[in-house]
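What follows is one structure encoded as structure tokens, with my remarks underneath.
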Amino acid sequence: MQTGFCMLTAGSVRTKNVMNVLLKNMLDCCTGAIVFFLFGYAFAHGEESNRFIGYSQFALTRFDNFSHAVFFFRWTLSAASTTVVSGAIAERATFYAYLIYSVCISGFLYPVISHGVWDVNGWLSAHRPDPVLGIGMIDFGGSAVVHMSAGLCGFLGTLIIGPRIGRFDSNGKPVAIAGHSASLVVLGTLLLCTGAFGFNAGSMLHVATRADHELFGGRNIVLSTGESVLVSPTMTVSRCLVTTLLGAAMSALVGLVISKWVLKVFDLIFICNCLLGGLVSITAGCATLEPYAAMCVGGFSAVVYFLGSRLVLRIRVDDPVDASAVHFGCGLWGVLAVGLFSSERLQAGAGFPVTHFGLVHGGDWALLGCQVIGMASVIGSVTATCVPLFLLLRAFGILRVSAEQEEKGID
Amino acid sequence: MQTGFCMLTAGSVRTKNVMNVLLKNMLDCCTGAIVFFLFGYAFAHGEESNRFIGYSQFALTRFDNFSHAVFFFRWTLSAASTTVVSGAIAERATFYAYLIYSVCISGFLYPVISHGVWDVNGWLSAHRPDPVLGIGMIDFGGSAVVHMSAGLCGFLGTLIIGPRIGRFDSNGKPVAIAGHSASLVVLGTLLLCTGAFGFNAGSMLHVATRADHELFGGRNIVLSTGESVLVSPTMTVSRCLVTTLLGAAMSALVGLVISKWVLKVFDLIFICNCLLGGLVSITAGCATLEPYAAMCVGGFSAVVYFLGSRLVLRIRVDDPVDASAVHFGCGLWGVLAVGLFSSERLQAGAGFPVTHFGLVHGGDWALLGCQVIGMASVIGSVTATCVPLFLLLRAFGILRVSAEQEEKGID
Amino acid sequence: MQTGFCMLTAGSVRTKNVMNVLLKNMLDCCTGAIVFFLFGYAFAHGEESNRFIGYSQFALTRFDNFSHAVFFFRWTLSAASTTVVSGAIAERATFYAYLIYSVCISGFLYPVISHGVWDVNGWLSAHRPDPVLGIGMIDFGGSAVVHMSAGLCGFLGTLIIGPRIGRFDSNGKPVAIAGHSASLVVLGTLLLCTGAFGFNAGSMLHVATRADHELFGGRNIVLSTGESVLVSPTMTVSRCLVTTLLGAAMSALVGLVISKWVLKVFDLIFICNCLLGGLVSITAGCATLEPYAAMCVGGFSAVVYFLGSRLVLRIRVDDPVDASAVHFGCGLWGVLAVGLFSSERLQAGAGFPVTHFGLVHGGDWALLGCQVIGMASVIGSVTATCVPLFLLLRAFGILRVSAEQEEKGID
């Protein structure tokens, strides 16, 4: 996964900054691992916790009865989250800015969001005894927790740091800055796809483990139709593979049509981003969407990406890897889409409550409401953390490299 | 796997066409996924079926009691099949030609072949109650179903589309057109190797699942020697890893000798193709060949590749990635080799009938006969589908890009 | 894993030798597979064996009751070992030298070392009924067996073959020879990381299988404190993931500090090598170190790498990929570190004897003694094999390419 992000960003930047980008990507991974180990995990999923944050098991102490593999899996998500940001502010941020925000995100912001949505004690969790609106938020693989938060953080970063020199001409018209290697971008995209299948399927494990098998022990859930459905992690993992595949595929195909009809050219990088956007948007609902719904969600995510990336350019924000549009835009759509399309029967199979489900399948507004609350809370908490952080970094003059250095390249 | 093909083809073409190739590779994957989901899977392995085609479970409806993971695995095979063709007609086919044949192969041709050989109801299946010649065809990982069909399709495509401009001089002598990056070719080859191990080992799962455990439930099979052998999927998977490794390794080493003694130079790309040819040829028999036989089959496949690639050039067909020789030539050899080398004891272990086995081990001609029938049926059905398809595309003028565009590059 | 090494070395050499390096890397893998199959495995882990070498199951005969998957896993380690050497003597060794030492290492040297440390009958094994010093050597993932031996072999090779032309100027001062692609180096490093997680975690399987479940069947081990600990392969695998991650991360971060404060520049390649060094050093103790200890071991390994690579340059040895410092230096540190930090409780969990453990945790000197004995025996056996081997090759004039060829490039 990290390998994928690394290649993707490396291919998207100019030759003069390749080494720098590779170095930063590798190090945010390492910093994140240490920070997440020391306190991030404790904040996110420590055994003792209130609704908003955990406060035990710092540095994995008293961690015996629990699988370290879960820590490892959660770290990969945390690392993904940090790395998305690096793409957005590539080619102009300083090394120190990078280290500092890596620590903040891996050590605090990401854990708190993750706790709220994914921990059984989290305030938005669907697995609480008393979930919000009777259902809680469904973000199976992390469209909100991982992608929206990372994409928004990247957007705010690039907004505050300002565009690269020469990205907009004197009239404010964008000037394309081509990356140095399309092969690397595609290699990165394909590695990310492989990773995404692992993430979405693996999320079952991590839900299942945390819930101490209470939720999953061969239990049956009775639907509103009277039908009884077996809670089956295995079946859910299989479904995730299929929905993820269909979502990503539809997104790339719709992207192809947009590219041909609107952009009048087959734009490889554009279609790669559509593919990624499809993966991002299907992540929230991969366990609870029917295949047809996965295709709808994926297909529309290409439109979301297209509009999002236009909008970002219109407001003269320079995001070299389009992280805002891909991760924030498509992630947001994915979160809302669950409220529309989530299927009662599949929610039962994945161990979620079934009292409320997607509007399209005849459910009420409670699930969509929860998704909106979750979306708003992610936007709020990221903004409240990142804006002061990046402004402080700018105030201290350690956010951006000097203009000469930027012209010369940071390598 | 797809990543491997993508890098391999990207490295094999000239810089001016890299973007185009990457784009096509990504999209055939996506188109294939949608088409295979909508009707390909139903044709291939729908629950209701006759000897030649399935006709239920379109779009995976009524698919509950069955693992979606199997669909996913089968799709990866289907995608591999489509992608091989793209290499053969790279650098000159139009985008529409590409889309249309992707749909035909993923949606119809591949499923029908796969049904005939792999489905328990298929007319050539070894798992029918009344298999052809009392044994049926043994194509464990798909030398015929995946590789021969894809390689032949690619060959027919490149025959009909004609050589790239400048590939043969005015006297018809071939002029080498070097790819732009050997590193990418090797990266692709190695990723394909990794993928091949997964495919060959994974094939057990997919055979085992489909057969509803009837064939595999700790059953014992009595051999002609009176020895009783336990049907063991686990043991078979382990064996596949070893035979695949030995076959590929021998092929590369024989390729090295050929390269040094015949070509008088260590040709990296040639040896990469030998390695791939070894993987292709071992695929049919990876479960039922002894290690020594795997080495023989792999070793000879380098010779098959060498002769095949010479022959293709001799008849002035231009195949940029040598897909015809690697996939069709070596695949054909692999299919026949099963008839020669297949071991009675290992057939039992993998759940195949044991009344007939390889000639070398004292079996009769029935198994070899079945392999020849299978080979002929693949050749027949691919030719009957692809020749009209490509001719039609040519007649409508949407097969090949214009000469100017080809000179300039399709990016 | 092999893919990782391949990309790493390819990125580290000059353009003129890329093809050559790729070719060699692919072929040592293939040669190694055949040789290891024919007799390497038998020497290492044949069922009949004395303390120093096995002598049955050549070519995997009479291998039925044993999983072929274990053979496959062991081969990957053997291949890794061979490939490390290739990096050290890159850009100037002949093809024949390469083939000959591949056969020697995969077929004899590696198997003998592996037998001594890892086989239950091996003289240094911790799983013998009568282990050396009452404890035997703990080298869980192979810091000594794989990395020290390979690194030392590479060092001796590069010492005997001499530096590349132009690597040291007339005053003996080193002249940097830059590799041709930093992206490939990083891609290689990250693929190796992924591989290392698999190796370290997979080592449990291979220990567990070999020991015929006697050591692991839900057995409890009583510690010196009176506490009873369940032997748990699953828990141990999970722990390996976490310790490997923390060790590698700390190493990269310490490397970053060294790079900034000592080298006065952020050197990407240097930090990549620190990361690899961290992986190497944590390999021996990944199952028996607490997380804090993993961070100490990993962090210090960056210092070891830094000093080692300085030392190598000081004595005017030219090692293009720094294999000596990374694999031998950090491997040696990792082996000794087990004697310092190994935890009694975790040794029990991983099925090792608990009578002696790390000094830091209040153990006695026996474990450290065993690690030193193991280290010395690896150094001894590698030196005794490789020095005559490379000297012979040099005497016959087939070690190094001619000066003209080296200047022109070996492609």
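Labels for the chains are A, B and C, by order of writing; each one numbers its residues from 1.
In this text, a residue touches a chain if its C-beta (ideal position, glycine included) is under 8 Å from a C-beta of that chain, and two chains touch if they have at least 3 such contacts.
This one's a predicted model, so the numbers in the text were calculated from it and none came from an experiment.
Q: Based on which chains touch which, is the overall arrangement a line, ring, star, complete graph, or other?
A: Basically all the chains touch each other, so complete.
Q: Compare the two sides of the chain A and chain B interface and say whether they are made mostly of the same residue numbers, over half shared, or of different ones.
A: Under half of the interface numbering overlaps between copies: different.
Q: Can you work out the whole-Å distance between the CA centroids of chain A and chain B?
A: Roughly 36 Å, centre to centre.
Q: Could you check chain C for residues that touch two or more other chains and list them?
A: As it turns out, chain C has no residue touching two or more other chains.
Q: Provide the residue numbers of chain A that touch chain C in the complex, in ascending order.
A: The touching residues are 2-3, 6-7, 10, 18-20, 22-23, 26-27, 29-31, 33-34, 37, 59-60, 67-72, 75, 95, 181, 184.
Q: Name, in rising order, each residue of chain C that touches chain A in their complex.
A: 182-183, 186-187, 189-191, 194, 234-235, 237-239, 241-242, 245-246, 248-250, 252-253, 256, 266, 268, 271-272, 275, 291-292, 295
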